[in-house]
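By written order: A, B and C. Residues from 1 in each chain.
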Amino acid sequence: MTDFTLWDIVRNLLLAGRWTVVLSLIAFTGGAVVGLVLTLARMGGLWPVRWLIRLYVDLFQGTPLLMQLFLAYFGAAVLGFDVSAWTAASVALTLFTSAFLCDIWRGCVEAVPSGQWQAARVLGLNYLQSMRHVILPQALRLAVPPTVGFSVQVIKGTALASVIGFVELTKAGTMLNNAAFAPFTIFALVALGYFILCYPLSRYARHLEKKLYGAGIR
Amino acid sequence: MTLDFSTLLPYTDAILEGLVTTVWLTVVTTVAGIALAIVVAYARDGSREGPSGIVSRLLGAYVEVIRNTPFIVQLFFLFFGLPALGVSISATVAALLAMILNLGAYTAEILRAGIDSTLKGQHEAARALGLSRLQSFRHVVLMPAFSRVYPSLISQCIIVMLGSAVVSQISVFDLTYAANFIQSRNFRGFEVYLVVTLIYLLLAVGLRLAFEFVGRRLFAFRQGGSS
Amino acid sequence: MALVSVKDLHKSFGELEVLKGIDLEIEAGEVVSIIGRSGSGKSTLLRCLNQLEQHDWGTIHLADQRLDGTAMSPGELSQNVGMVFQSFNLFPHKTVIENVMLAPLVVKQTPREEARRIAEAVLAKVGMSEKVDAYPAQLSGGQQQRVAIARALAMNPKVLLCDEVTSALDPELVGEVLRVLEDLAREGMTLILVTHEMKFARDVSDRVVFMHQGRIHESGDPQTLFTRPRTPELNQFIASVL
């Protein structure tokens, strides 16, 4: 057993923590893009499209993220690719995020009172105009707090990439623990790292929600 | 490369064993986690004004820490960290503890939203009738609060069940552990994980149906006629 | 001594002084209507009477017992003072009879059969015997309010407080609730009612109290008060509600 100072541990965790942040950003950005396309397709599309997207959402929400990661990792091999843990984690987390965001955003569009549609239509706006000028701006306001809130789930989700060998904060913790054997300190620090990333986002989401609620929407 | 599921057949026993573990972990967690949440919600709700503000703060911290850290880290902390403090703990106990603490924190928060929303009038009526705070909580506030947040509660229990896949990482022989085990023998990772993922999906559907079945009986009072 | 005796009652919410020295004596069997503009402190007065709000200054005596913070337990208090709310506040997860039986069972620890007997009796009194096993959501507003009255009566209180109990009701349902209150008045129940039903206040009460800006501005027997108001404020108020 080598001697590790507290600073050694912290430094290594910080270095690995960068990859947690990067992976979170990739998953969230990718998930938002895919999720947006899915949301729009789901709202305007024909029933088979809507049905397929719903199935997609249910599949991702009804199965463990860990399994999704395993499937991305081993599924690529079946298709003949040899993918890195990086790629598998990015793809799985992006799809996972897109499914949840699609569900959240659909809820926001549906939460805009139907009277708004009617008011827009009697003013002579067509479907797209109603959507663009009346419905989406309101839905967007509703969507911000839960979307910020969900980013916390994405960050926490990246911890599972450690299981397929991606070295981020959690994996660095287990590796350090194997070498330094100070589990209590190390995992407390790992938890602290996630807390520092997630807690401000949670607070912000709650703040936004209160503001929205205070504005009398809902 | 083609898919071949036949190599899974010799391992049905392993899958069954894992399935049983996942199911019982989920059932125990659901019951104990909801019980924990009720206690936390009651203590937090009451101690806000009272002299025991410190209790409320501590419970608030517990809820926030759980909600803002990954389950897998909570699990490692309990399983590897506690023995380092001299508290030895088996993998199964660590898994159960982590799951219960996790569900308890989320459910306490869900429940609090249900209590806050519109139950003030009924709580006042109970107080005017002479019920103590605990009596009011138990007889008057709890059931309507649960019925109001029941959909969120169902989702949360499903999330915890799906999240329990992670306990395989501390060698609890659950469904995911079975999958890893089979994969390491037959090297058919994709097929194994596909089948096990489908089993999880069925479990999620089953859990939801069970909850809805119970909910229909528990919350029959909501189906009013005229109003 | 009077059944209810309020002396120099003060109550503030933060900076806002809502009750600015209320003196009020109510005899057993009396029916007193409290009228006044919204915000004049009527509800706050009632809520102080059963300690849903703690007053800041002054005294409240109930049947010769002082009622201050810890002097009377909530259980004792509820056997002296019953309250009916504007918004019914029935317990939605309990049937009609369970709503009525709850407080006798858990507060008074009445045996179940007796609690049921009491509940059936008070429900009969408010004309709700047919609906004992219905849930609140299955009842009309008027029926819910009658159950809420029965629920308060089940504790056999000495005085019943009613805070705008008909304000949340559709006009056609107001009558059935007022009739129940009228019956109670005739039976000698002590009633303190905050109400906007001026005809009811005039016909049923022994005394009307007009509150204005946290004070009792004028009070007296209904005939005199309504036909010959002494202050311009009451005059204006009467003109505005008739």
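Heads up, the rule we're going with is that a contact is a pair of C-beta atoms (placed from the backbone, for glycine too) under 8 Å apart; a residue touches a chain by one contact, two chains touch by 3 or more.
Only a predicted model underlies this, so the values are computations on that prediction, with no experimental measurement involved.
Visitor: When you check each chain against chain A and chain B, which touch both of them?
Guide: Chains in contact with chain A as well as chain B: not a single one.
Visitor: Can you name the chain whose C-alpha mean lies closest to the mean of all the C-alpha atoms?
Guide: B
Visitor: Could you work out how far the Cα centre of chain A sits from that of chain B, in whole Å?
Guide: Spacing between the chain centres: roughly 21 Å.
Visitor: Which integer distance in Å separates the CA centroid of chain B from that of chain C?
Guide: A distance of 44 Å separates the two centres.
Visitor: Centroid of chain A to centroid of chain C, CA atoms only: how many Å?
Guide: Taking the mean C-alpha position of each chain, the two centres sit 53 Å apart.
Visitor: Hey, which residues of chain B end up touching chain A in the complex?
Guide: 1, 3, 64-65, 67-74, 76-77, 80-85, 158, 162-166, 168-169, 176, 179, 183, 189-190, 193-194, 196-197, 200-201, 204-205
Visitor: Quick check: in the complex, which residue numbers of chain C touch chain B?
Guide: 50, 52, 73-79, 81-83, 85, 87, 89-95, 102-103, 106-107, 135-140, 148, 151-152, 155
Visitor: If you look only at chain B, which of its residues touch chain C in the complex?
Guide: Residues 121-122, 124-132, 135, 139-140, 143-144, 147, 219-227 of chain B touch chain C in their complex.
Visitor: In their complex, what parts of chain A are in touch with chain B?
Guide: 59, 62-68, 70-71, 73-75, 77-80, 152, 156-157, 159-160, 162-163, 170, 173-174, 177, 182-184, 187-188, 190-191, 194-195, 198-199, 202
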